[in-house]
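Input: a single structure, listed below in structure tokens.
Read from first to last, the chains carry the letters A, B, C and D; within each, the first residue is number 1.
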Amino acid sequence: MNITVWNEFRHEVESEEIKAVYPDGIHNVIAEFLSVDHDVKTATLDEESHGLTDDVLKNTDVLIWWGHKAHDEVADEVVEKVKQRVLDGMGLIVLHSGHFSKIFKSLMGTTCDLKWREADDKERLWVVDPTHPITAGLGEYIELEKEEMYGEHFDIPAPDETVFISWFEGGEVFRSGATFKRGNGKIFYFRPGHESYPTYYNKDIQQVIKNSVIWAENQQTPKHKYGNSKPLEEISKK
Amino acid sequence: MNITVWNEFRHEVESEEIKAVYPDGIHNVIAEFLSVDHDVKTATLDEESHGLTDDVLKNTDVLIWWGHKAHDEVADEVVEKVKQRVLDGMGLIVLHSGHFSKIFKSLMGTTCDLKWREADDKERLWVVDPTHPITAGLGEYIELEKEEMYGEHFDIPAPDETVFISWFEGGEVFRSGATFKRGNGKIFYFRPGHESYPTYYNKDIQQVIKNSVIWAENQQTPKHKYGNSKPLEEISKK
Amino acid sequence: MNITVWNEFRHEVESEEIKAVYPDGIHNVIAEFLSVDHDVKTATLDEESHGLTDDVLKNTDVLIWWGHKAHDEVADEVVEKVKQRVLDGMGLIVLHSGHFSKIFKSLMGTTCDLKWREADDKERLWVVDPTHPITAGLGEYIELEKEEMYGEHFDIPAPDETVFISWFEGGEVFRSGATFKRGNGKIFYFRPGHESYPTYYNKDIQQVIKNSVIWAENQQTPKHKYGNSKPLEEISKK
Amino acid sequence: MNITVWNEFRHEVESEEIKAVYPDGIHNVIAEFLSVDHDVKTATLDEESHGLTDDVLKNTDVLIWWGHKAHDEVADEVVEKVKQRVLDGMGLIVLHSGHFSKIFKSLMGTTCDLKWREADDKERLWVVDPTHPITAGLGEYIELEKEEMYGEHFDIPAPDETVFISWFEGGEVFRSGATFKRGNGKIFYFRPGHESYPTYYNKDIQQVIKNSVIWAENQQTPKHKYGNSKPLEEISKK
């Protein structure tokens, strides 16, 4: 499977504190643990076409998206191409602050707004769909000692499947793992991963991302034709 | 309840054949049967701001949308305002060829494409959710002697509720009544109503539209706050 | 609307501590606040037929169910009759420990098991479906100073709608408000209400129960016929 | 993967006409095409414990169920054991008239009733979920020249996913492919396969059944603990 990990890659360049956590960028940490099983490329905001040329998109089975402070700098033209590829069958994994990315909002049709707080809350992600392949290999919950808090109401359409619900020390809950199908594409939103915490080094978090790319791949050739269509049955009255 | 019935209102002006079916436009037929129980206004494409000024939108509890050949002429700015009102709690009933309207596609996030045929197919809309208030007063199905065919695959997100499934004489099926929640707004897509057939004079079709506006009204004040949020519990570690 | 509030009514008789909270039983507290708007009867385990005679069931539009320590004493024959009435269109509100009642398990098809703890946890029920009529009149969340904890995994089918998610002080989350349609009946499960806490005196909790009975009423006449059925279309090949 | 194909196996023994279609029984036709990729056993009603001993169930990853005229002869005790295995993680594929089996009704909680007609209707199963792995390798629809008709309303809970919707020549529609999760188990109901038609020799139908067993297998170890549970967080007020 061909995976492309897209990262805004600004925090890690502009802040010494974040650079200390992810010296080569979040994308490279994710790419590394996925590379054991898949062909993985990375792409970042400041590359030409944000690294998402037609050729790259065409050859991507599953795209992973991390963005935060520069959502507005992603060109509408590129967003439109990514959206078309999702509808044509490319899987999409949206991480953390990607909830506010143009691509996610465009596929959801809602504001995707939420509550947030940077205060080192403990987070516990409870598995609420024990049959789901995205939860393979996990225990009852994933615990993260410190994370940014995201709280309900999360303004998304009712998910096709709610896989994780988070508990936060400060008193909030959040639908932290949610699946959506759009066109021929499968989408997974996964909450954790604020840039200032070493979340993507956590083995359970890595397991979820590994599981999710396998789930999101749609190996099928699009089967449907649209538009003007002749009758399959002879219409008797004619 | 304040209802606004929006209609493109072009077919009825430009074609004698269509004018014969709806002399004053589709919007006025719908407005008339809804006026028995509600305050109903109409708005059309060629009015200033398409008849959807800020004031009109602010005072609309449920908006009904019929469009077909001129979706592209609806200004993006107006679409954006309608979308914001839906997310803020205005109900939206999308009829027939409105599946390809900018507002519906923007709220769904998909192409909303489908199969179609103008060949006087008989249509039978089976009720598949007998508890749904939108089906109150109906029998097992609604039968329309002649309609345009719409066939699967209908490229929409999995509906929150599938209320009707249509059978067509020429061999196709279609999810003809589907509900969606987006933000604080409730949306109902209802398939029938090609401009060349007298569908909106049918008593069962009128019943569905009457039921749907009541269902779509969200009388609640938006309750959620978004953004930076203080902890509700004292965080022990601090 | 005719409402019947069913209560096991054992804790309040057998324990002085519980009697102090609900001197006339949980059923009478619930009946009282519902009686302002509806015709309300009560029924309890130790009455003949548990108070649920054919006549009572036939004349009940919405049944509320609270049980805990004596689920096994509810006669299978009565459970079967209640189930049939739900499938025929009676609404059902299942409260708290009713998750383990025969009627709820029979309608869900799963174990309905969960985690629990009696330790005076604070509970906060977050509204996650702001369009839902069951949440009318509420703020962002309901807070209960002390309650029994119920934690995930809650072994139920994926709800048709998840209305509330609870946060508990001790570290758990729970899908505390969930709707299900079965046959012609609408079902709402609502978590709070352990017998040792004054939860049913809380105004927000009362608001939810008031909203839920209105939501659960199905005023429609069952419309579907089942069994051997003649063709609606002339089958051409014959 | 270990698959057990269960068949009532009465029609094929008692009727010469049916025997002509399935000389060795429906189970052996299904077992044969699944045996290419999996370890497949069969079990039938008239075997001891209906062939579903504790040992067989324990070693079955996915169970396929075909029954029709003798649902009542299946022992409640065996049904209870099968149900427990599904809730513990065994996949279940319910075929055609198995909609009225004790095991399916028990897992659904509804009557599972429907309309039916034996009149050689043409059936066309439209794919309405093009991302679903159960539809891999299929075109837009599956066409069966002659089948028994099943029509809506099909009295099941709203499926987690609706994969196929059937069109019937005589004027009906039906949700012919539907998925449900119950406990740790995944369930797929698939409509076609009346005993008097050679449906299970059809390559598309075989493809669906092949796809469905792979989808239904839950390789995960049950991860959840239920019952009394200590707090994960120190409760501050104590």
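For this structure, a couple of remarks:
Rule of thumb we're sticking to: a contact is a pair of C-beta atoms (placed from the backbone, for glycine too) under 8 Å apart; a residue touches a chain by one contact, two chains touch by 3 or more.
Everything quoted here is computed from the prediction, not taken from an experiment.
Shared contact partners of subunit A and subunit B, listed by label: C, D. Chain copies subunit B and subunit D are related through a rotation whose angle, from the C-alpha fit, is 180° to the nearest 5.
Counting the residue numbers used at the interface between subunit C and subunit D, over half appear in both copies, so the two copies meet with largely the same residues.
Rounded to whole angstrom units, the spacing between the C-alpha centres of subunit A and subunit C is 36. If you average the CA atoms of subunit B and of subunit C, the two centres end up 33 Å from each other. Residue numbers of subunit B whose C-beta contacts span two or more other chains: 122, 124, 127, 129-130, 140, 151-153, 158, 160-161, 169, 171-172, 181, 183, 224-225, 232-233, 236. The touching residues of subunit C, counted against subunit A in their complex, run 124, 126-130, 140, 151-154, 158, 161-162, 165-168, 171-173, 175, 233-234, 236. Only residues 89, 122, 124, 127, 129-131, 135-140, 160-161, 169, 181, 183-186, 218-220, 222-225, 232-233 of subunit D touch subunit A when the two sit together in their complex.
Every residue of subunit D that touches subunit C in the complex is listed here, in rising order: 87, 106-111, 113-117, 119-122, 149, 151-153, 155, 157-158, 160, 169-172, 180-183, 224-233, 235-238.
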